[in-house]
Amino acid sequence: MSSIVETRNLRMYYTVRQGLFKTVPVKAVDGVSMNIKAAETLALVGESGCGKTSLGRTTLRLLEPVSGELIFKGKDITHDSQQSLKWLRRDAQIIFQDPYSSINPYMNIHQIMEEPLIIHKIEDADKRTEMIYRALEEVRLYPVDEVVRKYPHMLSGGQRQRVTFARALLLDPTYIVADEPVSMIDASSRVELLQILSNLQKLHNLSILYITHDISTAKYVSNRLAVMYVGKMVERGDVLKVIGKPLHPYTQGLIASVPDPDPSNRLSYREVIPGEPPNAINPPAGCRFHTRCPHVMPICSEKEPKLIEIEQGQDAACFLYHKEFVEEEQPGDKR
Amino acid sequence: MVLKIEELHLHYVTMRGMLKAVDGISLEIGSGEALGLVGESGCGKTSMSLGITRLLPSNVSEYKGSIELEGRELMKLSKEEFRSDINWKKISMVFQGAMNSLNPVIRVGIQVAEPLVVHEKMRKQEAKERVLEIFERVGLPPETFDRYAHELSGGMKQRVVIAMALLLNPPLIILDEPTSALDVSIQAQVMNLLKQLKKERNMAMIFITHDIALSSDISDKMAVMYGGRIVEFGTSEQVINDPRHPYTQKLLASTPLLRSYNEPEFIPGAPPDLVSPPTGCNYHPRCHMVMDVCSRKDPPTAYPEEGQRVECWLYGEENE
Amino acid sequence: MGFNAKDALNEFWSSRVSKLGVFFMVTLFAISFYVLVSYPSNFGTSYWNRPQHWADYPKAVPPTWTQMLTSDKKAQHQILVTDEVYVRDKGIRALEYSIRFNYKADEYPKFTSFSLSELTFYDDPPFVYLTLERPDGTVIEDLLFHSIPYPSPGDEPPFVKYVESPLRIYLPGSSEVNSALSRFVRSEYELGLTPLDIGNSGQEQYIFGTPDSEGNFDQPLTGSYTMKIRVETFHEDDTVGSVKFVVGGTVFGYMGTDTLGRDLAVGLLFGFPVALFIGFITSTLTTIVGSVLGIWGGYVGGRTDDVIQRVSDILNNLPQLPILIFLVFILGQNIWNIILVLVFFGWPGLTILVRSMVLQAKEEQFIEASVAIGASRSWIMARHIFPQVAPFIFTQMIFYTPSAILAEAALSFLGLGDPSLPTWGQILERGFQTGAIYLGYWWWIIPPGLLIVITALCFVFIAQGLEPVVNPRLRRRR
């Protein structure tokens, strides 16, 4: 299967002000290579600040890469100008976490849905209406002719998020970045949204980058799972393999941290990753996890392990499994 | 029994009408027991905690029922008495996002010690020693005392807030979504801390969350709230392993499991609007077991097992 | 969230200040509308600031209604015009006019004057005779005799005179009148007063009064008077447009007059549309410039933003009034220059505020969502940013209106107003220039000042009423 989106050693830094005049780069995405195949869902899991959202947005060129390559449908778009990327804005969409802030509260649903169609020059108003109705039906927002007249505050969180799903689908994209699409939705409606997302994916052969901090929903919607830690991808592979037998100590700790509903949980302490994630401004040398890792070895603080295949369909970047490391390279620090 | 609540009502006046956020709730918590209060957003679980701690918003129209803490009826206390005798001393509270309410320009240690100096008339040195002792217990290094809030990570701030709640050694602590702003790995650390505190201090807790899995990590008993009422109450074993109320059953079924395979289900529809709730059982429009009577009459309380309480017509035919 | 126009209106209408503000505003607009419809367009130049126009009016007298405060009956100002002519053909040809009027006051008129306009003659210039018939039946014959001067040599008949401005004769200033009155009191009352005595003691008392037993003219003769005007001509085609007789009052109109005799009520009324015009135009332009720059700078950021911010910081921190004075002085006292200068100094405040709101508004996720679907900057600014800040901008516009009115008043007060458009500030300024305060001409100073304050307050009230609509944090709990 061919890749829809591919990144090669992609880096995205943003700067924060430190003191009065100094700005320092935050290495949000620091050399990530990955690919998403056609009609595949890749779940990107990690804690806040690990760079998963930055990576997702960089693949859409909503954030500008510092170095590396970004290939969309075989075309290198790393350095294309924003003006020349209008086709990408049609072919690739993003769904945000918070359905309360990601749609304009001053517009009704019809206006919200119409916006992308007008921007992409679908001139015929009847055709636009027809497309809007079809998309809203696909996300099961009934009755459509009532829904289109409503304003966002008249809808529940789940319904609003379905509006954003429908809006993302309007232009028939091939790639969607779903950034924590259900984390603000009530537990009872969350699964319904995930079902809709899966159905839509099958229906439209979408490639989805599903960004989440919640491994259990990732398990439910994705084919493959990638784990990020402080700007680096530490493990990736088939979702059931990674969850069933995580290789990287960070993945292991992450999975151990998440409880399933079980009354015996309370009787024992949970195995936890000690400490807190390091700062992405000044990440630890070598393996970034070595400061918290229970299996830390001398080499871990010196060299950075390479992300390579350990088992069939499962890669990990950890010296417990191999001795290959990333060659010392100084990416041209442009800032 | 540390806390015994009977028929607590808390209603608000809103622009649209009366909102029955808490509509006749009863529960009890034994000493050293953790009660998990589980429910979706808008089910009244936060109002419940505000009702217990009497931190009432200004638009409350009705506040009645009985709250007994260690045998003392709290509803009879005046506002002043409640504030001086109960708050922090008997019941302390950790709010969702409380860690963001730390004053940015005062050293966190001073902030934690302040109630000791002001209310307990403790000498400053003594108060500092006490704070350092609590800091150690919640896993904060002593130098944290002189730090400012922005110098601490989210997990550490949450520990500071928990330390504040523990300071006067209250018999009951209410935790409202204490980990929802934290990362999973930090959340697990905080949960371990709470478990440890519960064991060491024999403290009763009300742990409020929307996440039934997280609730199971600490709760001895669980109360499932829906539409301003507790629809199911029992030990964690009873609620999780043998849920009786259709809502509890579906809520569990909708939780994706990490360690075993399930095909999660969802509950169609949306939670009720508490300004104009449905007639009869609040859950009947979404219920997969709905019967004729459910929409007509409020459900009866049934006791299927020792210590278990369900509000559902499935178990209460005799009352019809 | 969600913005509901009906709720907003209810919220606005629920406060007493907004009701008061709207009431004032409606009144202001009604008056302005009346003025716009009824006043000539060249009011400022051809009427207000043209002294001849006010020549027949009493100078610096208080409003008529002030006589209600005293027991005396004040002399009403009467301007009596007629063109009803009787042409006498027998003997000497004469054009005869007759003006009847009532005099009821307890005091003598302030002055009397006679005017004649649009005289056409073909031969020698006509003579004008005035004869007054008084209520007691006595007649002052030939009270005034005036011979029209000869035309300049070289002029050809017909000779047309007094078209632009009429022939105006102040009776008190005329020696003819003194002689006529001297004759009159001798024959009627047997009082031996020389014309000089008459001139020194004021003619009005002899024209309008009768002597008491001691020969003092203390009490005016009230009742119906008739002024007969005879124009003796030397050619049968000679004509006169109209004649006018003015009995100068000691009170006038609703608002009194200034030292030029200008009816202050007329000037004050004209101030309404001018104030609103200056206020609205200035605030609209300021708001447009300020919000466009604020939205642009705030959204686009970078160098553009830096430049806009630095410029607005500088302008905002300059002492405004001295520079306003300087610029208006340099550019010229024209209303558009004044508006331009006010706009120039007005926008930075709004820009700074709008920018800070835009900085917040552009962080909204739906903005990023819009970027992600390929929306252009201008699209986002127009469709997503502007609606968020629009209510605020609207309120600011209303808030800025009184500032503009006050600033214009200040400039006018300093003598930098546009002379072609009388404003309240200019009326005030004239008052101060003339020393109205020391002379006790309160009716010249208080009304324009009050009007400026009330108009400014009206906008402040409305803006205050709008504040909670725009800023939900201020909404009162219900």
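For clarity, chains are labelled A, B and C in written order, and residue numbers in each chain start from 1.
Operating definition for what follows: contacts are C-beta pairs under 8 Å (C-beta built on N, C-alpha and C of every residue); 3 or more make two chains touch, one makes a residue touch a chain.
Note that the structure is predicted; figures quoted are calculated from it, not measured.
Q: If you take the mean of the Cα atoms for each chain, which one ends up farthest from subunit B?
A: Following the centroid criterion, the farthest chain would be C.
Q: Which two chains are joined by the greatest number of C-beta pairs in contact?
A: A-B
Q: In whole angstrom, what separates the CA-based centres of subunit A and subunit B?
A: Their C-alpha centroids are separated by 32 Å.
Q: Report the inter-chain centroid distance for subunit B and subunit C in whole angstrom, where each centroid is the mean of the CA atoms.
A: It comes to 72 Å between the two C-alpha centres.
Q: Going through subunit C residue by residue, note those that touch at least 2 other chains and give them in order.
A: Expected reply: no residues.
Q: Counting only residues that touch at least 2 other chains, which ones in subunit B make the list?
A: Residues of subunit B touching two or more partner chains: there are none.
Q: Can you list every residue of subunit A that touches 2 or more other chains, as numbers and ranges?
A: none
Q: Along subunit C, where are the residues that touch subunit A in the complex?
A: Those residues of subunit C that touch subunit A are 1-3, 364-366, 368-376, 379, 383-384, 387-388.
Q: Can you list the subunit A residues touching subunit B in their complex?
A: Its residues touching subunit B are 47-48, 156, 158-159, 186-192, 194-195, 213-217, 219-220, 243, 253-263, 265-266, 269-270, 272-274, 276-277.
Q: Inside the complex, what are the residues of subunit B that reach subunit A?
A: 34, 40-41, 153, 155-156, 183-189, 191-192, 195-196, 210-220, 235-237, 239-241, 250-252, 254-260, 264-268, 270-271, 286
Q: Can you check the complex and tell me which residues of subunit A touch subunit C?
A: Those in contact with subunit C are residues 60, 62, 85-86, 89-90, 93-94, 96, 98, 101-106, 115-116, 119-120, 151-154, 164, 167, 171.
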